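Here's the structure we're looking at; comments come further down.
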Amino acid sequence: MANFKGHALPGSFFLIFGLWWSVKYPLKYACRKNKKICFFGSKVGFQRVEVIEGAVKAIFSLIGMLAEQFVPDGPHLRLYNHEEKQWSHLMNWQHSTMYFFYGVSGVVDIITHTTKAVPVAMDRLMLAIAVFVEGFLFYYHVHGRQALDVHIHLLLLFAVFGGALCIFLEVFFRGNIILELFRSSLCILQGSWFWQIGFVLFPPGGGPEWNQNDHNNLMFITMCYCWHYAFALLFVGVNYGIVTW
Amino acid sequence: MANFKGHALPGSFFLIFGLWWSVKYPLKYACRKNKKICFFGSKVGFQRVEVIEGAVKAIFSLIGMLAEQFVPDGPHLRLYNHEEKQWSHLMNWQHSTMYFFYGVSGVVDIITHTTKAVPVAMDRLMLAIAVFVEGFLFYYHVHGRQALDVHIHLLLLFAVFGGALCIFLEVFFRGNIILELFRSSLCILQGSWFWQIGFVLFPPGGGPEWNQNDHNNLMFITMCYCWHYAFALLFVGVNYGIVTW
Amino acid sequence: MANFKGHALPGSFFLIFGLWWSVKYPLKYACRKNKKICFFGSKVGFQRVEVIEGAVKAIFSLIGMLAEQFVPDGPHLRLYNHEEKQWSHLMNWQHSTMYFFYGVSGVVDIITHTTKAVPVAMDRLMLAIAVFVEGFLFYYHVHGRQALDVHIHLLLLFAVFGGALCIFLEVFFRGNIILELFRSSLCILQGSWFWQIGFVLFPPGGGPEWNQNDHNNLMFITMCYCWHYAFALLFVGVNYGIVTW
Amino acid sequence: MANFKGHALPGSFFLIFGLWWSVKYPLKYACRKNKKICFFGSKVGFQRVEVIEGAVKAIFSLIGMLAEQFVPDGPHLRLYNHEEKQWSHLMNWQHSTMYFFYGVSGVVDIITHTTKAVPVAMDRLMLAIAVFVEGFLFYYHVHGRQALDVHIHLLLLFAVFGGALCIFLEVFFRGNIILELFRSSLCILQGSWFWQIGFVLFPPGGGPEWNQNDHNNLMFITMCYCWHYAFALLFVGVNYGIVTW
């Protein structure tokens, strides 16, 4: 949804997941290293956590899909507008598609960690596919918009495709704490950048609009992206420190 | 062949192979995990299956090559038209080349699994090369066509090059069920997308043609590609479920 | 800072680090192979070296940031010029950002090698991120300049992104002498190329300026880049020879 | 050198090396599998072969460099033409640079396999760098030429960069027969394609010139590249068969 809330909502989800991961993985790592102190429960406990995480992902995705479809100016499951002879609300459908893949990833998480039938790395492959699909749709999403709008969305792709690659590597290097923390930081970056996009393109409180074609704005935004990542790294670092301590 | 049948036929082959793989690899995986129940036969049985698969691939490729050459308006093995001073039926020759590499891949499959002279990973390398060559030729194939035509063919390249990369990884991680299922899903995607290209560019039954330059059509097609992949994943999942059960 | 000194200074830092690495890693490698002769100290000694290296990195970065901010024509920590309604000294801010990430990498080095809380591969991940951010900012930095200026900066990116990839691989292949020497050579290349950029764009001693759009200049510069790398390889080779001997 | 001989000569070198590798590596592989029959000599024998190979590479490169410099219309080691105020014979200098890196690779081969000081994977890294530099210079080489000329040279880059990647992988997977055969085939492809470029751009015997901008020619050349690769694979396969048998 092309407004402030439409960027703040998914941004919040990514932020929550990123921060949660930056707590979960250090905890898991500490438990593996030091089996005595670990009061969180054994392997079974972590497995339950994974199942809950998958369920939350699936439910959030379902809510997102329903919201995209049934907001007042949404498509209401209608794909083609026969009166106007054109596709109806393609934006909302694209967003629904993104949510759908995350939903599938959630369901696969649940199946992987409740039964033993599915190889355990399947959850990572499915998550990598979901993230890749998000980036793939975003890439073709911004075609034909203004310079700043395109640039600010394309910057997001570094976090998205970087994340997809990182998760795909986890298929082979499962449980590598470095990759897990890297993924957490990229997820936080994605979340906070969604908020930034909202603030830049739809200034809340009716602030002045940004000049879309000023080269300086483009250069500032690029730098700003790096600062966001610096903060994401800081958060991951602090969480890691607290958990280990 | 630039008509509906020319897209439906290779599409069907890819669909058949993708669905077959999505049955074969879970079966193999189940057999490895649970050696008792496995009534399919031991390693020898699977080796025989590989040989048959290679033979089918080689025969299909041969038929494809002959068809491309000897259809009424084909080149009949003539490469250069001396009267008109230009290359003759380049399209058909390009398709023949694609089939040829798949044929070589089939032959290498047979050699690899009947003799012990060739290292076993060679079949994957050759398949990766065949898939890459397909993508390589497709990439230069669409030069100078209309927007939707180009876009719908380029989308195919994600499945093709993704598949080539996945198969190349299998050279090093042979027997990794995750990669094998991923490959199956990409193969199904390729097959179903060939059908979709046929329906869009050559609507059977004389339906109305698509507007080639409408930006909405491009965006819809991009999304549609993701839906195809969702279905491909569903098929792989269902097949996996049935086989394991 | 767009002058000769602004390129010579970072160039010198990269040169020093590259040359230092081309001494350190062969030494470490020789010690591992031949534990008797090694008078440099054991594992503890190398750990102390890593900490010092991290500290030097952090201090240099801090100096760099302060210099960029507080030079006479610098931003003095002011980001937005409210009088002229535009961003203030974006260049200096971008350079500060680059230095900041190297500073974080230095701090992570220190933490990694003094405490045991952090997994040891974290220093490589953070360095890879710092190098990537440098390349990322450089890439968008040169937008809209003249042909030779753009080309000479983009050539730098081969060394930068090559280095980032190499360091990222070291997360998984830690202590691989091949990768470490490769990284050293790329670092020296980066350093010497910074000097070259300074000489070409801001000829010291008031030499004649280069024709920015002459195609021959572009081709010469490309070749010159390879020569720089040949020298970088030579230095690494000679250092390796001396150390091993 | 922009004439038929200037393409045929390097082409022949690549062909010879590719064919030689397609004999050497299967032989090595057969010896490793079947230690009794192997009459070629033990590890020492292969080491001597590597040294000779390195020497041949270095000598060929030296000859190539001298030829590029001292042909009648060559630069004779003069880099800048002070009379005309422009760079002198940049083409020849670029070719000399390419040869130089191959020469370094040859020298590193000799050092690696005669002394024990250098880690053995260094020869692969240096070869990968040499191949990459060749591709890098080629990429900027063709700037501003005609369509077919550019295309036919860029196609070469698939073999070059593919080869560089393959050799870089061998740093980590040394002695992997699949990668070695893949590299041989790409090397043969490069060699035969150099000959093809010579035939197309400088038809010997004064044949008619090719139309540089005809789209059909471009499409034919692309397909022709695949046929060259098919032949390269055939040669590798036949050599492998003969050696194993």
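Order of writing sets the labels: A, B, C and D. Residues in every chain begin at 1.
Everything that follows uses one rule, which is that a residue touches a chain if its C-beta (ideal position, glycine included) is under 8 Å from a C-beta of that chain, and two chains touch if they have at least 3 such contacts.
For each chain, UniProt lists the protein as follows: A, B, C, D = Transmembrane protein 45B.
Since the structure is predicted, the reported quantities are computational estimates derived from the model, not experimental observations.
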Each chain counted as touching subunit C (Transmembrane protein 45B) and subunit D (Transmembrane protein 45B) at once: none
Chain whose average C-alpha position is farthest from subunit D (Transmembrane protein 45B)'s own: A
Copies subunit C (Transmembrane protein 45B) and subunit A (Transmembrane protein 45B) - interface residue numbers shared by over half, same or different: different
Distance from subunit C (Transmembrane protein 45B) to subunit A (Transmembrane protein 45B) - Cα centre to Cα centre, in angstrom: 32
Centroid spacing, where centroids are CA-atom means, of subunit A (Transmembrane protein 45B) and subunit D (Transmembrane protein 45B) in whole angstrom: 45
Junction residues of subunit B (Transmembrane protein 45B), two or more chains touched: none
Each pair of chains that touches, named by its two labels: A-B, A-C, B-D, C-D
Touching residues (chain side subunit C (Transmembrane protein 45B), partner subunit A (Transmembrane protein 45B)) in the complex: 86-87, 90, 93-94, 97, 100-101, 104, 117-119, 121-122, 125-126, 129, 133, 136-137, 140-141, 143-144, 171-172
Subunit C (Transmembrane protein 45B) residues touching subunit D (Transmembrane protein 45B) - in the complex, by the definition given at the top: 29, 158, 173, 177-178, 181-182, 214-220, 222-223, 226-227, 229-230, 233, 240-241, 244-245
